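There are two complexes below, and they share chain A, which is joined by chain B in the first and by chain C in the second.
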Partner chain A sequence: MKTEKAIYLELAGIAFAIVIALLCGFAVILATSAEPFTALSSLIVDPVSNLFNIGTILNKAVPLIFTGLSLAVVFQSGVFSMGAEGQLYAGGFLGALVAVNIHGLPAWIHFPLILVCAMAGGALFAGIAGWLKAYWNANEVVTTLMLNFVAILATSYFVNNVFKDPASGGYARMPYISPDLLLKKPIPGFPAHTGFVLALLAVVVVYLLLYKTKVGYELRLVGKNSRFADYGGIHTNRVIISSIMIGGALAGLAGIVEILGVHGTYKDNFSAGLGFDGIIIALLARNHPVGVLIAALFYAYIQVGAQTMQVGSDMPREVAVIIQVMLVLLVSSQAIFAFLKQKYATRQKAVK
Partner chain B sequence: MWQALWTQIADLTLIVVLLRLMTPILLSALGGLISDIAGVINIGLEGLMLLSAFTSIAVGAATDSWVIGTIAGVAASVAMCYVMGFFSIKLKVDIIIAGFAVNIFGSGFTVFLMSKIYGLTGNYSPENLNPIPNVVIPGIQDIPVLGKLLSGHNLMVWISLIAVVFCFVLLYRTPYGVHLRSVGEAPAAAKSLGIPVGRVQYSALAWSGVFSGLAGAYMSMGMTSMFVKDMTAGTGFLALAVVLLGNRNPVGIFFGSLIFGLASAVTTIVQTTPGSQVPSQFIQMIPYVVTIVALVIFAVRKKRKLLTQAS
Partner chain C sequence: MTILLEMKDIHKVYPNGTAANRGVDLTVYEGEIHALVGENGAGKSTLMKILFGLEAPTSGTIEYKGKPVSFKGPKDAIEQGMGMVHQHFMLAPSLSVSENIVLGEEPKKGPLSMFRDRATERRGIVKLIETYGLKVDPDARVETIPVGQKQRVEILKVLYRGARLIILDEPTAVLTPQETDELFASIKALVGQGYTIIFITHKLREVMEISNRVTVIKAGKTIATLNTKETNPEQISRLMVGREVLFRVEKQPAEPKEPVLSIRDLHSVDDKGAPALRGISLDIRAGEVVGIAGVEGNGQTELVEAITGLRRATSGSIRYLDKELVGKSVANIRAMKIGHVPEDRQTTGASLTSTIAENLILDHYRNPEFKRGPFLNKKKIKQFAKVMMEIFDVRAQNEEVLAGSLSGGNLQKVVIARELSKNPKLLIASQPTRGVDIGAIEFIHREIIKRRDGGAAVLLVSAELSEVMALSDRIAVIYEGEIVAVLDNTPELTEENIGYYMLGLGKKHREKEGAAQ
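On to the complex of A and B.
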């Protein structure tokens, strides 16, 4: 019964989970803060009280949209990858390398080249996990977790030694990228960069890819029932590898957009868990691209709220973690959603 | 670097460092093993260790007793496991997602508590901490080689070695162990024989809480005497890898931890040797690469076994 009503029910369930998670966070604030109402208002109101904070929300949402999309694609093919973090480093690194070391190209060629290289870096790195999963039957949860460390450590070595900016002193980073290539902030006084436009574009592309193309159809079919897909003549292994690689390309974009929009160059350990936040976003969004957009904005809003709360009151920003954890758990609780559906179905029968 | 490494091997410092670094990996891997065998893969080991590390040092410093501190840390970790079990077994949250949530929670909530209780954000090092003691064996400690090899290790090092034997007996020599394994291999069959599947899975998670709790307590009150934000730094994931590398068997896990401990020990030596040629990052990487290779080897072996059985 994947009708409109079922979708509304799903949405209502997610909204319910969000409310409960927020209430849990509020309860902790009320219980532990000496000035709970200042804390609450700085958590909820401050992020949208001025243009600067709104811009910050958009900027924070950009990489989350990309990693959320990345995992949405992978999850839809039934693969539980946790590797967006490593792919983000691999892609960001390769993209930054091209941005820093190639000179003399006009920006309108150079900029797309950087994006393509970042996508290629992420996709190729993700391909390792895909290959291991498809042909060697290695559990993707474990291989991707391990490959995250491989990517983080390898890039850390390179940025600390081979590609380190000699002028950077004790801080491990590449030389700064030429300002022509960085993402602009088109509106004066508004900190949002144009990465948001790229992220919106990515949402559209991924939506079309998943729901309007043959590749997307095969991908979702393999995710729903890989044996049936196999029986129907789909090369399951090839689909799994390509879905992981598409996910890797999106994660690579997340990395490079964060670099070009916020950091200005590749810095050691710049991500701090964006790839893992992407898992939460994809779960919240039920792996739907439009859902990813909304979930990422909401998530970024909570993050900025946590920061304004840390500044404006006696609560540390880690309170947001409680909200995040409850969100993840409640949204992915199959029992709650099954219960809702069952209750709705029985009520419908009673009406008839 | 080779020079430094050789001196440390010769005067047995490497062994001492190895045992120190191996202990938390071994303990939490044994915890991961028990839950893994019961079919509830616990990837939240990292978060559990952090929770216990903070709880044990906070309680330990407040009560001036490492015993109470350790018990409190283990209790916190076990309680978290029951919450995890409630969500995954009762509310049917995917166990991987539940473990992932525990990791975020452990990392964030400890910092939250640290800043709320002590007003600190980076690290907490109490002045009057009574840490987990070292075991000095009288008589042996004065013998040149044997003394350094056997005496002066932290109590938790010995506990971790005993835990290997304990797990082996628990899994392969008790009725409970049979229940654990049957629940992991064929939950439906186990249920039909009257084994309470849910309860066994809860208890398996609780065991992983006990062992990661001990590992966490050791990290903040034995290996160091402070709590640092995210101090586990991937140990929980290493432990997860060791479970698979050790082919889900306590003895295998012991050797797996030995390899990973060695890689960590060599990393520390390389990092502290000035002008070292070998980049420490690549040595740190060894455990992860070894795990991936091992996973592939196990998978191939399994496939071949199935093929020979079929023909």
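On to the complex of A and C.
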């Protein structure tokens, strides 16, 4: 019962953060807009007012779910990796290379191969940071942030020079991927692609992995108390490396699903911060896979709302940035939770 | 007698809902030694934190020198003439004794009081040391002096700040018997000069020896305040736990058999790379408890870590049932039916943010029995945890409760349950009852003896000499990384005998270990 109460308090704290962040956004709208109520309704209602917008929310949520899961896994093992962005590029790049340059394979072999290569690319690239941390005690925050530049700039170089589609003109991109390898939009008039199904599948797999398997048990134990894990004979270094690599594989999937579902090819700088958004998602979700799903959908909803508001009113989309930043501030400040718990406990006493 | 301090009906409810104090009354007369006793978690420390302004009471009043007070922080309390000597010393190890004493209140001189007035400081410190007879070298760096002297520095620090009421929080926990005697002499001297002492402890022997009055706290409430002369340890213990407590562990004489663990000339280094074990040799036989006595920090930790694979031995050998342990991994060693209750259950022995069940399966989750296909068998784990909690009397709602929400005693029972659940042939118990309430201490002691009688070899390490003496069949005294004596635990053996070796004053030329083999 005690633990249940703690969960409710935690959820209440997160809800509180979300409400405050939204109110901040509303306040800015009310203060600056000439037509605040139109702006509000286009921010809140429009994203869910038609199938097209709902589909867009789902599509935007897909890569966020993957990067959110990626970071939830590494965070649970007590590693504060900031490297999902770089891993996403590394994985997406390798996957796209396989998609573009291998010909003649049947799609049912080729498609999984692409996903596997994207996962391998992300995992191997992440492995560098894992190895540096486990065996050289290098701080993962620093290494992953630096390695992001390595991945982004290296892939950028390759797609601008070596692997650039000659027919692309001024755009730095690879040749287009064969349409039968792309993620389909199964429902006519509904823009959501099947990547969402993959994302749901990933949520289930990560949930099972974390909470139902030996690997997940070890991973969470290392994150919660690595001395206890050491004492119990768990090879903490191996666990840390594998958790970072699992995170890398998920980030790689984020990249390739975005490519196969939205862009149709590898484009320079296609992510623009999906890996960093994943950090916010994982924080919001308290590193729980199901929470990641919800947080990613909410995050995508705000982003689509920002677009519909920009179109439907005089407010710019940057209001969404205000809401996001407030979320980060509030969610990462554990102080609210402590405050809430304090309130709760004193009220209980007063009732007695 | 005038009342110096009166705390009335103190309540304290923590934000997480824990009620640490539920109506505590404490009245302290001027010039007395007032013992405050209670099991761990009874609320003694919380009460003192409230008194000292470190925590705000939820309700209740405090009167000091006849006036109601409400301290915002330790600074207020210190200004009013209270001083606290914490259980864990609050000293800067790299500074000198005298610098530690004056820290924050250094005598100043020169324009704008820019410079330290070392001459005045020096005179003040020397006078302070002489006045109270608390002998310590003012120029020695604190990290170089023994624990007993560090404590004196703490007391001097408090006196320097003008305290008249001194709170000592479990002051004897880290002291040898000789050092304890010296501390008691100092306390008596202080009281002779008009100081008032609150003495927090859970050792009843000390209560009887030194206090004038004693207040017993149980489960956050004051149960009684008694004149020490009119009471006895049995009555106090009954009040503390609500029943009679066995102080002596009931056990039959040991029937030791073949050696289970044979350590030969073991060397190892501490975390800083300094030698910590300097040639340890020791045999532990099936069916006996060997206790390690020693002042903390003389290699006990390193010895246990070396046996369990957590620390690399630089040389020497550790034979366990014809297998060499040196060089083996922790996982390998744990798989060999070696149970290890580590000295710090909070950081090493348990994962506080994991559930009880997750803590219990540490040795079993790899076991095929606990698996179902690629997954862990949740049903089996639940069942296992329930059984363990039942057998080891772990009091919690269910097995999904977070380990961190358990009391010290219950958490330790979880650790013990896990380590005994593999039926160890060798049990290494490090500080098995530290910070655990009396009920749990009894339980843990019985379990250890039960395992011994079942043929397990037990290595017991404890800072509590009385515990070592109550449980052990043989006592090995460790001093600066060497076993300086191995003594048979006969009724004639006294704490003073052991303390002599603990302080490194002598070496007993003991029988050559291994000759028995």
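One rule holds for everything that comes next: the second predicted complex is superposed on the first by the 340 of 352 C-alpha atoms of A that agree within 3 Å, B and C clash if a C-alpha of one lies under 4 Å from a C-alpha of the other, contacts with A are read in each partner's own complex, and residues count from 1 in each chain.
In this section, a residue touches a chain if its C-beta (ideal position, glycine included) is under 8 Å from a C-beta of that chain, and two chains touch if they have at least 3 such contacts.
In this text, all values refer to a predicted model and were calculated from it rather than measured experimentally.
Peer 1: Output check: A:Lys214 vs chain B and chain C. Expected answer is one of first, second, both, neither. What do you get?
Peer 2: The answer is second: A:Lys214 touches chain C but not chain B.
Peer 1: Quick check for you: in the superposed arrangement, does A:Ala107 touch first (chain B), second (chain C), both or neither?
Peer 2: In the superposition, A:Ala107 touches no partner, neither chain B nor chain C.
Peer 1: Look at A:Ala138 in the shared chain and tell me whether it touches chain B only, chain C only, both, or neither; answer first, second, both or neither.
Peer 2: After superposing on A, A:Ala138 lies in contact with chain B but is clear of chain C.
Peer 1: Which holds for A:Asp230: it touches chain B only (first), chain C only (second), both, or neither?
Peer 2: After superposing on A, A:Asp230 lies in contact with chain C but is clear of chain B.
Peer 1: Figure out whether A:Ile7 sits in contact with chain B (first) or chain C (second), or with both, or with neither.
Peer 2: In the superposition, A:Ile7 touches no partner, neither chain B nor chain C.
Peer 1: With both structures placed on chain A, which of the two partners, chain B or chain C, ends up touching more residues of chain A?
Peer 2: B
Peer 1: If you lay the two complexes on top of each other, which residues of chain A touch chain B in one and chain C in the other?
Peer 2: On chain A, the residues that contact chain B in one structure and chain C in the other are 338.
Peer 1: Show which residues of chain A lie in contact with chain C when the two form their complex.
Peer 2: Residues 1-3, 6, 208, 212-214, 217, 220-221, 224-225, 227-235, 338, 341-342, 344-346, 348-349.
Peer 1: Any idea which chain B residues touch chain A in the complex?
Peer 2: 41, 43, 87, 90-94, 96-98, 100-101, 104-105, 107-109, 111-112, 115-116, 121, 234, 237, 240-241, 244, 279, 281-282, 284-285, 288-289, 291-292, 295-296, 299-300, 302-303
Peer 1: Of all residues in chain C, which touch chain A in the complex?
Peer 2: Residues 11, 13-17, 58, 308-310, 329-335, 340, 342, 347-355, 358, 361-363, 365-366, 371, 374-376, 378, 397, 400-402, 405 of chain C touch chain A in their complex.
Peer 1: In their complex, what parts of chain A are in touch with chain B?
Peer 2: Touching chain B: residues 32, 80, 82, 132, 136-139, 141-143, 145-147, 149-150, 153-154, 156-157, 160-161, 276, 279, 283, 316, 318-322, 324-325, 328-329, 332-336, 338 of chain A.
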